[in-house]
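One chain, chain A, links the two complexes that follow: it is found with chain B in the first and with chain C in the second.
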Partner chain A sequence: MIFTPLEQFAIVSLIPIRLGNFYLSFTNSSLYLLLSTGLVVILFYLVTQNGGFLVPSRWQSGVEMIYEFVVSLVNEQIGKKGRFAFPLIFTTFTFLLFTNLIGMIPYSFTATSHLVVTFGLSLSLFIGVTLVGFQVHGLHFFSFLLPKGAPLVLAPLLVVLELVSYCFRAVSLGVRLFANMMAGHTLVKILSGFAWTMLSVGGSLAVASVIPFTIVFALTGLEIGVACLQAYVFTILTCIYLNDAINLH
Partner chain B sequence: MLDGAKLIGAGCATIALAGAGAGIGIVFGSLINSVARNPSLTKQLFGYAILGFALTEAIALFALMMAFLILFVF
Partner chain C sequence: MPQLDKVTFLSQFFWLCFFYLGFYYVILKFYLPKISRILSLRQKKMGFSNQGMISLQQENHQVREDYQELLSKALTLSKTLFNNFFSQTTNWLSTNATTINKTQYQKVNTSFVQSLGETSLSQNVLFYHAGKNLPEKLTFKILQDNLQTFKKQQASKKSQNLSQETLKKTKK
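Coming up: the complex of A and B.
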């Protein structure tokens, strides 16, 4: 078996399930998706039992911080009209945050490092946002494709350009998260493999392997930051897209 | 022959990182510039800068994805 840095992303089926031609196995990806969702639900349930405390405990104030963060995000980006979307955005944020952070535990699996998961999420959000746009504005939503004050001569060109950039949102939203998570985990793996090779050679190289170890240590810190940051970026971009659909521009 | 060409192609794909490096430099350079002009806006500007950083970094990761595609898919 060849050990590549991409080996950690292998999907292993834990409980094989076959329904006719469909292959619906319970894989390690589904296990970690369930784990992160379950962790969020259990944490939020335990913390707010009986309405929580007036003077919050440590866990409760952490949960309240996440909640207030998302509330202020939605209010800043969309305003009052976006209140209805708050549960969706809050769920997206907590789900991505916990999936990314669980992936940072050594020997665990990052569900968001697969394009299927992130692209499925971003495509469904994109379709939902477009539907909201049509629901609020009707066919007037098409005016989104022509910037205000643009000369009518340029309309054929501008409409095509805006349409392409609008559709590309769905792709870039998913690919950004996927590429960040995958690149980060691969980088840590490559550098730790480098350190391990140096250590096993022995001699003065084994002493010098402290340097790659330090870099791996620093990178792990950076990756935890990236895990939170990418959840934030995904959420704020969803908010911006939703704002475009509700308020046009 | 094909393997060598693949390696050269993947290496060439990383040239794109020059643009991303300049972009990230511009983002944080502008942040320092604006904070020096108006320190009271630091918190708000930092949020925007982080967002701009993430967007720029994502473009760099597209180049990385191209490199992986060249190496492993074709």
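Coming up: the complex of A and C.
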């Protein structure tokens, strides 16, 4: 049996649910989504018991740091007009952060390493942002596609270019997160496969298997950083797109 | 590649929406208000707002002004105290000096002058007795010799008296 490094991304259905032709099974991906959101909800519940301390405990201080971080993000990017979007940005950031981080535990599953999850999320958010833009500006929203100061002769070409660039935002947002997560996990799996194979052969290679192992060790640290960073990048890009929709540049 | 297995797409997307929206609802209704409540309460308590800062600055300014006023008051008070002290001591000294001069000094002066007069008088008497047969040209050596002879006379007289007394005592 030859194991591929992509086998770790296999979706296994745990509770099969079938509605006619549609399969809505509870899979391992769903289980890990439940795990990450459940952990965050339990953390928030435990921290805000009895309203929380005035002098914060350690965990409460951590939760408040996340809150204030997202507040500063929204205020910096969108300003006063974007206050209504704060809960959405907050839930996106925490959801992605914890889902990515739970995937870093060995033998667990990263739900965001599937294109469906990330692309679905990014497309939904993009459609929402566009709808917000139309709601705020009406049909004047299309003026976004023709930047100021551009000569009218170039208008047809520029509008098409801007439209394609605008629609590509949805794709790039999702694919960025998916590619980072999948590439990181695949790399770690390949290197640890090397270490295991070298160890199982025995002899001098068994001693040399320490090298891939240390590389895997360092790479895991890097991947944890990438997990946090990709959650942050996703969130800040959503804020920027929302800013573009509300305050037309 | 498992990511491109279309069979799983609907299930994954459905459960993603379910958990994402459920998470959003729970956070929006329960936990975001609680966290924002504790943060705003802490801001109010600590006075981190601009108003708090301004009032604190004013209070600081006020305290400094009061302190400086207090210092200047203390300085003037100490100055006046010193001046009073010096004037009082000079007054006391001058009054005491005048009273002493009036009362004690006169007596001391008169007694001193008296003693001077007595010693000079006794010396004059001594010289009169000692220098009965003095020549015209008086030198110090002649004076000294005369004094010594007078002293010897006195000493001999004393010793005669003493011997007479002892004779009388032995007789008794």
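Keep this in mind: the second predicted complex is superposed on the first by the 247 of 249 C-alpha atoms of A that agree within 3 Å, B and C clash if a C-alpha of one lies under 4 Å from a C-alpha of the other, contacts with A are read in each partner's own complex, and residues count from 1 in each chain.
We take it that a contact is a pair of C-beta atoms (placed from the backbone, for glycine too) under 8 Å apart; a residue touches a chain by one contact, two chains touch by 3 or more.
What you are looking at is a predicted structure, and each value in this text was computed from that prediction instead of being measured.
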* **Fit-or-clash call for chain B and chain C when the two complexes are aligned on chain A** => fit
* Does chain A have more residues touched by chain B or by chain C? -> C
* To do: Considering only touches as defined above, state whether A:164 meets chain B (first), chain C (second), both or neither.
  => neither
* Asked: So after the superposition, what angle do chain B and chain C open up at chain A's Cα centre, nearest 10 degrees?
  -> 90
* Asked: Should A:176 be classified as contacting the first partner (chain B), the second (chain C), both, or neither?
  -> first
* Asked: Thinking of the overlay built on chain A, is A:153 touched by chain B (first), by chain C (second), by both, or by neither?
  -> neither
* To do: Determine, under the contact definition given at the top, whether A:63 touches first (chain B), second (chain C), both, or neither.
  => second
* Pick one for A:22: touches chain B only (first), chain C only (second), both, or neither. => second
* First (chain B), second (chain C), both or neither touched by A:95 -> second
* Structure fact -> Smallest Cα to Cα distance in angstrom from chain B to chain C after superposition equals 6
* Structure fact -> chain A residues where the chain B and chain C footprints coincide 6
* **chain A-touching residues of chain C, taken from the complex the two chains share** => 1-5, 7-17, 19-20, 22-24, 26-28, 30-32, 34-39, 41-42, 45
* In the complex formed with chain A, which residues of chain B make contact? -> 50-51, 54-55, 57-58, 61-62, 64-65, 72
* Residues on chain A engaged by chain B in the complex (per definition of touch) -> 6, 172, 175-176, 179-180, 183, 229-230, 232-233, 236
* Structure fact -> So, in the complex, the side of chain A touching chain C is made of residues 6-7, 9-11, 13, 22-27, 29-30, 33-34, 37, 40-41, 44-45, 48, 51-52, 54, 56, 60, 63-64, 67-68, 87-88, 90-91, 94-95, 111, 113-117, 120-121, 124, 178, 182
